[in-house]
């Protein structure tokens, strides 16, 4: 009956923070280890020298991220990694929504300091999408709570599906898609990743795909 | 033993909340649809930020319609998230416009306005008392609410106050203090989860830490406004 | 005579949702709202009041207190943004 | 799920080696068939493996502009991810979600590989990697409809379901098609391969030579093997049960893929996204019709 | 046709609008189903004003905590407050039952100060926010912290810096 | 799934193709002109085809040797060898 | 003699304030009408008999109005300096 076992294998362990119980399965263990590895080497690496070639110029110039900005963006990258670990391990629906919001806001922070008006424009539109997202994300969670009377994924996994849950599931999916800048609303992301600073930008891509992977699992657990 | 202890907290949600629920959800959806359609029609970027508040209100309504203490505890994070996003997004908008202007080669000196001190009677008389009362009341409360109330008190005073000599270094120190408060507050949580029998000290650490943190942060915002406008 | 346990919550709840809907319509389609951001900002007070009324009819007094103070923060942030954008002539 | 024990480490290693050799041979065969269709003699079948080994003994050169630990680490991560997928999925029959995750990480790696070198061509390739990720991730969700059919995503559960109820290919044909498109988009010279299109030199791999390139190719070989395996297991698990059957079926699918790759043109980036989305939507339609 | 839609999706300005439209459609579809509140909820609370009415009748001085009275007596491990959480732990209800001396004084004065008493250390919301759902609160504040970091970094290093330079130029 | 039972097969096949490539470049260094059946590969293919029935890895080694020869060479030999193997397999 | 209950008075105040505030177009007029709305809210809270909340919310509405007024004055100053407004 328990969907978590059917989806991800046995539960290796859990941390009982009273009502919020983060748990580890083989699946989330793989996710966590990947995220930790990525975060460590993305945080360690320096930004690249981006070579820029222009028309009517013979020289190829290189640009890079200034040191102060790199430090700030590295901080945001590490924070994003931590929040991603939360996203994949958390055992509570509302907590999941909050972690996804934190991921979104750190993603925006990675791009906040770039002096490039079209990157900033994309970051701003992404921020707008994120602000709209609070409605479907938290609203979907609240509708689930109203219908089932619980937020814990462990309990929700054993519950049968019903029509209202379909709505809340769709809302949660839409919300997570918006927060992670996933398809089909990826234009902001594609604009943003044209900025310089390879390690930090890569973190954004990682975060959006991890959120996607996890949200699929959550939808299965709810269904 | 309280004779009425069993009637204090019911086992089920009261019937009146169950009756509220469908109306609240339908109204929330209508509000959200109105807000989102406004968003679709609006062209100006800053106006979009203002209109997005309406779907956020709809979100508050959906969450609060559950009608339990849990729902109340869930609205507070939602509120914080929306406020935080608003803060970051509006800042990015300002920075974007600045970059656009620079790129066009416009002289940034156009933006450099000189402001006079605002002369209103109420600013001299009522405002200091109000802010002091707000701060005192905020100190009595704990948690995010207390921080917000106290922060509002500090903020309004600093936002309209006289020109002061606080420098950027002072800011950074204030940020440092709030960082220390954050650590205190996290330590309080750790005590909760590791040794719940010492819950009282944990409660005070968390309550005190968060209020210092939030109030100082909002205070920073006020200093910011004053440094900008009352040179 | 209004019964405080029965009628009063219903009154404030209905009033709250009415204010919320009217307010949101006013914010989105209000007169001159799309020209002057400050008018739209002032209009936003109406749905905030509606939300506060709904909260109080659910007896979420603490949340109501918080939303009113958070509203103040909201004003500060947006007013700051309005002034900065007005300086740069980027508002319209 | 089969649980690994300490004694089975050699077993795991042997499995990885055989998957590597077989995947390399399959990709060589793929290239050979494309060449034959186009009327060229084409390279020998072992060419792809030889290429990989050749790069291992070449000199490693790192561009000055690259962002350093990232430049090497991300390639290694690509390898590690597919080995993880190989161990958990074909060998231990673990959760299918790990393949979704590994596919996602593959996309992240492609992006990072392109960005880390600082070259404009590589950057274009990595931008396209993001674009194609948005198209391919919905496709990989399509087999997840399997969950609603079988109520499990553990692969041994899926296999037992198919042994009882018959292959899922008959029940979810459009899902199978979507997954096939997904496998297609991972083969070289495929119509959706906007990431390594020839218009941007070698896409994200432009600046990678020497040992790093070898490692990268090894990761791609393993990835191709794992994806083929997953496709066959999820949709033909009732028919294909023995390793020999797997080997024959994989060869057959590779021949089919080679024909498609040889006979179809490379599509433009946005069209590629659009076509793959249409396949994903078709897969979703499957729920309604079946 | 589809190509045109995709092209319009490729512009960042269109994304929020399209997204808003998608949410609108989902919400309008959801209007067709009937919503009903499951009355078996965690942490239920009494109907509005009931506690206040009881407090008015002055049955017991502990009702002066309305509307946030959840039972329990101060500093008494035998008589804890009533909390219905998801996973029961032995330390539930400690915070709900606790009152500081200040809030005890407020309680003795009048029944109008329930909110202040609750919000002072101790009370059901502190129990939920700090103990049973503590991770939420940690996160919530971390989000605020992050947003402040972003905003203040941008202000200090970007927007304000330029203004400062201008000012110095003017002074010279 | 115990794939490694087929590891010798795969390894010998790969080795055979590698050997075939190297050796055939030693034999034919001139540009590719004629297509005719050569003797040594034909014998190897026939032996390989025969061995396929009795011990597969060695058979695959020899068949692989012929398959892996320089592009253009060893096509007919391969086909003959495989046909021979098939005939043997059917008759036995 | 018609008796109006206290909550009904608050309701009337709020409705008048809301509609008036929305339909006015001059910012100062709007602020005045919204002050009426805020007073209605406070009386509603008073009808619920939460005095501490009423006190705090009265402070908060006051602070909010002050902030809006400051913003208004600043924007007018900027417009004047730019010559758009006389």
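When the chains are written out, they are named A, B, C, D, E, F and G in that same order, and each has its own residue count from 1.
Going forward, contacts are C-beta pairs under 8 Å (C-beta built on N, C-alpha and C of every residue); 3 or more make two chains touch, one makes a residue touch a chain.
Keep in mind it's a predicted model, so treat the numbers as computed, not measured.
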- Message: Strictly by the touch rule at the top, which chains does chain D share as contacts with chain F?
- Response: none
- Moving step by step through touching chains, the smallest count that connects chain B to chain D is 2
- Note on the structure: Relative to chain C, largest Cα-centroid distance belongs to chain F
- Give the identifier of the chain nearest to the protein's overall CA centre, each chain being represented by its own CA mean. A
- Once you find the CA centre of chain A and the CA centre of chain B, what distance in Å lies between them? 24
- Query: chain D to chain G: how many Å between their CA centres?
  - Reply: 62
- Rounded Å distance between chain D and chain E, as computed from the means of their C-alpha atoms: 45
- Message: Two or more other chains touching the same residue: where does that happen in chain A?
- Response: 17-18, 94, 98, 101, 105, 108-109, 112, 115, 121, 128, 132, 135, 143, 145-146, 151, 184, 190
- Give every residue of chain G touching chain C within the complex, in rising order. 5, 7-8, 11, 14-15, 18-19, 21-23, 25, 27, 30-31, 34, 37-38, 40-41, 44-45, 47-50, 53, 56-57, 60-61, 63-64, 67-68, 70-72, 74-75, 78-79, 82
- So in the complex, which bits of chain B are touching chain C? 16-17, 20, 23-24, 27, 30-31, 34-35, 37-38, 41-42, 44, 46-47, 49-51, 53-54, 57, 60-61, 64, 67, 71-72, 75-76, 79, 83, 86-87, 90, 93-94, 97-98, 100-101, 110-111, 113, 144-145, 148-149, 151-152, 155-156, 159, 218, 221-222, 224-225, 228-229
- Task: Going by the contact rule at the top, pick out the chain G residues touching chain E in the complex.
- Result: 48-53
- Message: Considering only the defined contacts, which chain C positions touch chain B in the complex?
- Response: 6, 9-10, 13, 17, 20-21, 24-25, 27-29, 34, 37, 40-41, 44, 47-48, 50-51, 54-55, 57-58, 60, 62-63, 65-67, 69-70, 72-74, 76-78, 80-85, 87-88, 90-92
- Note on the structure: The answer for chain B against chain E in the complex is residues 1-5, 8-18, 21-22, 25-26, 29, 32-33, 36-37, 39-40, 48, 55, 65-70, 72-74, 76-77, 80-81, 83-85, 87-88, 91-92, 94-95, 98, 108-109, 111-112, 137, 140-146, 168, 171, 175, 182, 185-186, 188-189, 192-193, 196-197, 199-200, 202-204, 206-207, 210, 213-214, 217, 220, 224, 227-228, 231
